[in-house]
Each structure stands twice: as C-alpha cells, then as structure tokens.
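Below: one structure, written as structure tokens.
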Amino acid sequence: MSQAIRFRPQLELAGTVKVDVRNVRHPHYGRYLEEFAPGQVFVHPRGFTFLPAQMEAFARTYMQCNPLYLNEEFARACGFSGLVASPQMVFNVVLSLGVQNDSEKAIANLGYYDAQYLRPVHAQDTIRALTKVVDRKERGAGKPGIVTIRTLGLNQNDEVVLQYQRKIMVAGQGDRPPTTPLPSAADGRMPAFPWVDDAAVTLPSFPALLPAGLTGPSSYYEDFTVGEIIVHANGRTITDEHLALTYAVGNTHPLHFDRIYSSGLSGKMSGDPIVYGGLVFAWLEGLASRDVSDNSVWELGFTEGYHTQPSIAGDTVAALSRVLAAEDAPDGLGARFGIVTFQLIGVKNVGAADALARFGEDLFVKENDKKDLGREKIDAKIFEIERRLLIRKRG
Amino acid sequence: MSQAIRFRPQLELAGTVKVDVRNVRHPHYGRYLEEFAPGQVFVHPRGFTFLPAQMEAFARTYMQCNPLYLNEEFARACGFSGLVASPQMVFNVVLSLGVQNDSEKAIANLGYYDAQYLRPVHAQDTIRALTKVVDRKERGAGKPGIVTIRTLGLNQNDEVVLQYQRKIMVAGQGDRPPTTPLPSAADGRMPAFPWVDDAAVTLPSFPALLPAGLTGPSSYYEDFTVGEIIVHANGRTITDEHLALTYAVGNTHPLHFDRIYSSGLSGKMSGDPIVYGGLVFAWLEGLASRDVSDNSVWELGFTEGYHTQPSIAGDTVAALSRVLAAEDAPDGLGARFGIVTFQLIGVKNVGAADALARFGEDLFVKENDKKDLGREKIDAKIFEIERRLLIRKRG
Amino acid sequence: MSQAIRFRPQLELAGTVKVDVRNVRHPHYGRYLEEFAPGQVFVHPRGFTFLPAQMEAFARTYMQCNPLYLNEEFARACGFSGLVASPQMVFNVVLSLGVQNDSEKAIANLGYYDAQYLRPVHAQDTIRALTKVVDRKERGAGKPGIVTIRTLGLNQNDEVVLQYQRKIMVAGQGDRPPTTPLPSAADGRMPAFPWVDDAAVTLPSFPALLPAGLTGPSSYYEDFTVGEIIVHANGRTITDEHLALTYAVGNTHPLHFDRIYSSGLSGKMSGDPIVYGGLVFAWLEGLASRDVSDNSVWELGFTEGYHTQPSIAGDTVAALSRVLAAEDAPDGLGARFGIVTFQLIGVKNVGAADALARFGEDLFVKENDKKDLGREKIDAKIFEIERRLLIRKRG
C-alpha cells in the first residue's frame, strides 16, 4: 500500500537558472462573455468533503438557530441519519466551487432563481458541482452581457443535492488573452447535466414524535399568517472577517478579498473588498432564524433573489421577513407540516424596525420593479428573496 | 427510512400579497425584570453537540496550553476516554445557550459564583442548558433590578457537567411589549432542575503513570506556594474577531455584535460592540495557562468572578495569577495531586509586569470592596476571579 | 474507569491571603543566546492531534486548491488512506510547537533550509516536535547572535513526518533573568533526535488510474518548462485575522499578537503586530496553488526560504512562481510523475503582474545576494523560497 522513495537532496537553484522576464504566463480564471456558449457544461474543480465540525461552524458563523445543524441528537430524533449541513452552507459551497469557471470575471451577480434543495447533506458527503450555460445575451459592443447558468451540486453517489439558476453580468474579452481553457472531455462530448424540472425531494421518514423543548415556542406553522411582517430584533456588524469567510467557502473572486483588485475598479464597487453575497444572505437568514426557521424540518429553496446594494466591512445588516404563503404540505405530510413562503429583506446601517418605519411598504417591493411602479429605490436595502420552508405544526 | 416528496414549483409571490405595514410582529428575547419569577425554570433552546475539531479550535482560539484539550493521545494516556473539551468552552457554551432566556435584555453581567465542573465533556456529547430563577431584587421605580439565576449544563445522559450561579442587572419592561413567552410544560409544572449542593466530581481513574514531556517543567503542584504572584509574560490584542467568536459560542446578546445597538446605548457601554465577557475570561485563562494549568488534570471551578471594566476591539489584555491556597487532593488522590486556588486578574492596555509595578497590591483587592476599604478603583483592571485546579504533583 | 470525588466547596479567599508584591515570579519562554548549547535537544510541549475539519479549515484559510486536502474521496482515489493534511499545515504546526523553546525570544527568523516532508499526516495523527541546537554563532558583545537549529515533527508512531533547519537571530541575556528551564531527562542524557540525512519519503502506492476532472487542466508536469515565470492573478489582503491565525497554529511569539509588545520594539518591527511568517508563506502558496500545485501528489519540501520584509494587517500579498527545474521522478515513478522545482516569490501592496513589470528580473534574485551583485533590494518583496513538488504527468 505504501512505498519508500528516495529523492535527490534539494539544492538551491535560483542563481543557476537565468531569469527571462519575457517567458511568462498569466493564468486567468472565470470566463469572458464570448467564452460562454449555451449548452456548455463546466465540471468544477476540487469538490468539498463536508465534515461535522465545519457544518456546525458554518451554522454558528451565521447564527443559524435550527438545532438540526447544531445538535446531532436532535437531528437523529427528527429522523435524519445525523447532523444536517445547513442548506445555506450547501448553497454557499456549491456556488463557490463554480466561481472559478462561472463568475470569477463577473462584474455583478444579477440574481438567484429556482433554487431547490433536493436531499440532505450529511457528514462525510463529498459534494462536487457542475454548471451548464443556458443563455448568453449580448447587449451591444463595449457593453457587458448577461449570462444565464444552471448549477448542480452532486454528492458522491451522483445524486443532486441542490440545483439553482443564476444570472451574471460579464464583460467581453476585448484585447485581453483568453482565460484558462475548459478541460475537454476525452470524447469531445459535454458531461451529463442531470437537472430535473419537476424534482422530488428526498427527506427522512419523520418519526411520529418529534423532539420538544429545544426550538422556539412561536415559530410553528400555526404562528405564521399570510401578510404578516416579522421584524428581527438584532443586527450584525460585518467585520473584515468576510475576507476569510469568502476563502472558507472557497469563492475565488478577488473582489471579495484583494484590495488591490477592488480599489482598482471604477464605480460603486471601487474601494474596500465587497462582501460576497452568499455571506450576506447567510447572515440575514441567521438573523431571521429563531423567529422563522428553527421549527423547520427542511428548507425547500428560494427564488427571485437579488443583492440590491453591496456591503463592506463595517456595515451592520438587519433583516425582516414577510409571510407570502402558508399551505399544508403535500403527500400525507399535511397533517404535521406546512409550507411557508417568506419574503426575506435585508437592510444595512439601519435597524430593522427603523427601516420599516422609514421605508414602509416600499421595503417589500422588488427594486427591479420600482422604476415601472414609479417608486423610489432604497439605498439601505441590500437584499430581497423569497424562500420556502417546510415547518412543523404545533399539532 | 426516507421518502421522496414532490412539492409544487416555487413561484414568485411578493407582488401578489399586499403589503400591510400594520400587520407586524417584533419578537424579542431575554426577559424584563418583571418577567423573572423566582422558581421559574427556563429550558434553553438548541443545545450543542461537541465535536473534536471544535474543541481543539476553542482551545487554540484562546491559546489554552493544557494538552488534554489539544492532544488526544495525551488525554487517553491520562485516563480520559478521548480529547477533553476545555472546561472554559463548556462554560462559554452553556452560558451562551441561556442568553436568549436569561440575559439578552441584561444591562450588565454582575458576577459569576460557585461554578463547578462536574464531569468531562467529550466528543459527540450533546450539551443542553437549563436555568432556574433564584432571586429577583427590585431597587425602586425606574431603576434596574438584580436577578440571581442558576444554570446547569447537562449531557445527553442527563448528567450535570457544569453548574454555576450568576447575577445580572435587568431593567423593567416599562411600556415595551413583553418578550417571547416561555414554552409551557404540557402539565403546567416547571421542569426538574437537578442542581446539587454538595456535588461529587466524576473523573477518570488516573493511571499509575501519567505522560511526561509535553507539559511545562515549572507548573507542577510543588511549584506553587501560597501568596506567590505569577506575572504572565505575553498579552493578547483583541481584534474585531470577537464579534464572530460571540456568534461561535452562540451568545445572542446584540451588545457584542450589533454596532447599531451598542452605539445606541448611553454611558460607558456606548460605542463599539463590547467583547462578551466569556471571551475575555477565556483569553486571560489562556494567557495564564502555560504558567499555571498545563499540568492540571481538572478544572474544579471558580467563584467571585467580576468583569470590572468592559473591553472592545483594539484592547490588549494581559493576566496575572496569585496563589491563594494549595492543599492535597482528597479521597486518596492526595499523594499524586493537589488543589491550587488562583486569583486570576486581567488588565488591559498595560503589560502585566507594568500593571503590577503601577498598581501594586490594589490589583488584587476586589473592585467591589474598594469603596469600603478607601482604595482607588483601577480603570485598567478588567477582570478578577478565583479558580481552583486539580494539579499533578511532580512526585 | 471513573471515580466520583467530593471536593470541599470553594470559598472566596482573596481577602484572606495578604498581598505581597515582592513574592513574584515572571516565567519567560524562548531562549537567550547563551542558553542555546550545540547538541542540546528540546522536547516541545503539547503536541497536536490533527482532525479532519481542522485540516480542511487550514487548507481553506489559505485557499490551497489541491483536492487532496479538501476532498476525502479524491484523496482515497489517489491511494491515500484518507484526507491528507496540507504539508504547509504540518510545517506551520511543527514550527509553532517549537517556538516556546526555540524562538519566543528571537529577534528575527533568518531562513528556512532543507525542509523535507517524509510521510503524510492524516486525521487522528498526533504530531509532536523536537529541536536540536546545531550551531551558535556569537557576533560580539551587545550584538545578537545566530543560532542554527534542526526541528523534527514526529507522529504517534515515532515516525518523522517533517524535518527542516532554521536560522534565527537571538539576543544575549544581558541582565535579564534566565528563561524557564529545560525539563531535564531522568538520566541526564539528551533525548534521541532521529534526523536522517538521506531520508526516504513514504508515499502511497498510487493506483493505476488517478481521478480526473477535479484538478486544473494546465498544471500537469508537462505544462511546466524551465525558466517560465507564472504570474498568479489574485492577491489577498491580510486582515487582523492574522492574530487569531497565529494562535490557531499555536505560535507563542508575542510579536504576532500583542500590540503592547510589538509597539514597544524599536526599528522596522515596531508598531502593529507583525504577521507570523508561516502564515505569509501559506497565503502565497495558496495564491499559487491552482496554477502550480493542484495536480501535485506530494510536496517534497523547500529550501533557502527568506522573509525579506515583514507584513502587517492591511497589506495585500501576491505571488509569482518561476520554474527552476523539471525532471522525471525516480524509482519507477518517472513514467507517471515528474519533479518540478519552483521559485516562489511574494510581494506586497502591488499586484503580481505590476511587480514583474516594475522590478523585472531583480524579483528573482535573492535579497541576500544583492549587495554582492550590486543590485537594489526591493521593499515590496516579502518572501522567496524554492520548493519541490511531485506532479502528475498528463500522460
């Protein structure tokens, strides 16, 4: 199983190899607009083995309060085979695995759509990611275009654990050299891309008696009524930690950790590194979690998610949720579980209650729709998304 | 064991649900003074599964030097069943689990008393916490009162691993809405609260030969004489990391991570987020650890612990220990182990040796006693506590 | 296996033990110049159990892109018995374990030499470290001297996993008290120190088919030609995180985390805490990793490594690699693997491409040789080293 190999001693060589500054290579990652071709499939590098301490650490980093992600006894008592990786972690990791191919040259992340968590990720699962280019929209010479991609996260059994769609804004190549080439399949064909349009979700058979006492008393299905706004009390000041957290999930876009890069940009992204949006989403979800999701048994997914303003270190973020729908779960689960759709809104540098007082209903109108509706955009608003949760009934 | 469930596709809903800004809920946690009733028992949410990498990470975060928390081989050679969770981690986690019920509305943490570590926490142990309200002292209209609580940390076998008492200062409700209600027991009775007044400590049967060579040469029982002051050489500059570390242990008090909240306060707590005291305690203990505790086999507990000044990011903390007592261990352990009581003193923005030179014996006088004794309070002093350790004899 | 012990209740004692400020001890670690004696062996304290989540966390902290350190399935498919600890982590941990004896009093780390990784470190391995003093060079009264040491990292089976040599600059004791004494061996003899001069490397028997698709397409052995310079695209801004990361690897030198200490120094080290060099090395290696090392199956070692300028929080570091040698691997491995030697250069506060444009070939000339060569030293250059990797052939 092992072998002992003797290598020649290492000798100093630098002085013996003449320096030739014209013999130089500049590997670059991400893709320029022209490099995206609809139908193309990217097999993303590295993969990621989920380990329990990382799973707990992620949940704690964003103060996610659902004991499924923190308490192994609780997770087992709910029917899972062990501690559950927070779906938000799965999303962050899968997206980050793809940045090197998908978006390391992106100018902006335009939106998240149709994200579906299709099965739990547990300790020792190894997740890899694939992306398929769905569409490329050019908007005229010199203008960045819009690329639509779909991404899958697969476990070591080739089962899809997450699928979602994303739109990104990407500039053309101009006179820059091309990026690092795609590894080409041996037979020249694109890898399989098993996106499913009407996918089933694989969940444990929940036991008759779910554990009691470790979740909030006011976050059962019956506690949510359509139209209600929930103001989450605490905010979170984001520090320089975000550079390290971007590294922690494996996102390779230099906008988030390289001040030379970020301060060299023009426009509103110029200056300090911008907080990677996945982290902002995670913090906001965490701020909301003890009010809305600690009695959930599954995060179904999200759609129409937009980062409407960037955040930087020093910003304090806060969150509000609005109940958009509440209905019984299907397939015989309805007696014990319901599905609640929340609109999650993030603001910065204003408390959530103050934001509601100041901006009122405009907070809940999509920023992209405001021009058509004749409403003012809100600079303090940083995020909007709709998310669906499968939540226990109090019974 | 698992089921495949098909959910309806998620459709965008926000525009279809009319926004009603009067239909709003503001969940708040912690308790106002009136909401504490002696005899009440809070079952705290979530729990926490201890995982080995987290246990090591905690010990490293505070540079705790006892190999029991860092070296699994060493821990086993000492008779433990595996890596030992640092008692300081157990304390931080148990206290933090309770913040949501106990102290998220607290104005100040007044003191720690009678903390006892009753058995080791190992990997895969899941710890939950309970608090009993012992006393509520009102101090007149408009003035915050003082609440005395006892807290227990229990493992998955319902064994108490830690018990301690705490006093906190809490304001009255005034015209604010009540906080989130207690979950009520099905039968209306309070949960059991197994505090033990004369508790035994469960320890491994230490092997005849303890491991040698990995601990300091000058921190055996025989090295400590009553009255001796030990000046710990290094300090630690606290950075903004403390916000993330507060999240890491699960402490939900916004004073420690929400600059909008902290800067909205009046008085000396106003401004940057205050470092959660449990973290300060941990850093000070770590700074002392290679001088006093790397040959300890158990941390028995602590009492009369006070955070006498707050710390913020940018402060450099340093520590001194004074030997208050040294005696043989009981029950046949005395031939090989002794009990040493240390007074641990923390200072900020002055080196430990300089603090001793500048403040002399006043450093070791309790700040609360100084008025009566006609002595000056020391602004640079941030912490004082008495701790007891079970320490190997050199033999 | 366990025992229940009843201890007397802890009572407050501080007020009962008279404070005597002359009864004081100042434990100090590290060694003054006179305290190093050639032939001396230090057995370093604590040790370190490697745990998988820590191993992944380390690789992620420095964005190391080789899936061996991130993806357990991949590591097994390459013939390893499980996830592999990044050699850079092994180096950082072993060096840090020794700081308390070797270099906590060092004024400067002068260089790394002849580092050899002799076998993989896997989860649950417990590593301890030994140092032997090889040479002490005095440079006259009042001047710091130069100490040459060799350090070994050993696993729980007493197998050497890493050996390297280091030179450090250390001041004399002057009128300061001696540091904490060495633990003396029972028989007065020095511990064994199993450094091997022509050591074999123990590697797995690589399977006939190595995994495909998770590593970069342009970092196979065939992609590297001697003399080529590779400019790594992204930089990394270092934040205050470095204080916590110094703690995380267990380095006890206060220069890296105690602002009172660092600002009390004179010269160019005065001011903010200096980033521990091992962390800088790790970040630079990480920035280079997807271009040069994600198809490596082993890191053989490094030599002639110098930190030529210090870094502090706020600095942005970037990296370049130059190919110094490429040859077939020995012992029948040559058909499938080659050995590539890279010169790794680090710069700060300038992008890697800009540094090449500005400083040209001088970037690759050793700073120590520049005086003799009549070339200018480069303030923006922070690091230089030669490293050897065993890299897959594309085949």
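To keep things simple, chains are lettered A, B and C as they appear, and every chain counts its residues starting from 1.
Just so it is clear, a contact is a pair of C-beta atoms (placed from the backbone, for glycine too) under 8 Å apart; a residue touches a chain by one contact, two chains touch by 3 or more.
What you see is a predicted model, and the numbers here were worked out from it, not measured in a lab.
If touching chains are joined by edges, the resulting network of the protein chains shown connects every chain directly with every other.
Where chain A touches chain B, the two copies mostly use different residue numbers: shared numbers make up under half of all numbers in play. Overlaying chain B onto chain C using CA atoms gives a rotation of 120 degrees, to the nearest 5. Between the CA-based centres of chain A and chain B the separation comes to 33 Å, rounded to the whole angstrom. Across the assembly, chain C contributes 51-54, 57, 240-241 as residues in contact with two or more other chains. Residues 1-21, 23-29, 43, 45-49, 51-54, 57, 100, 124, 126, 128, 156, 180-183, 240-241, 243-244, 247-250, 252, 254, 257-261, 273 of chain B touch chain A in their complex. Contacts from chain C toward chain A in the complex involve residues 51-54, 56-57, 60-63, 65, 67, 70-74, 79, 81, 83, 114, 116, 198-205, 213-218, 226-237, 239-241, 290-291, 294, 300-304, 316, 318, 322, 324-325, 329-331, 333, 339, 341, 343, 349-351, 353, 356, 360-361, 364-366, 369, 384, 386, 388.
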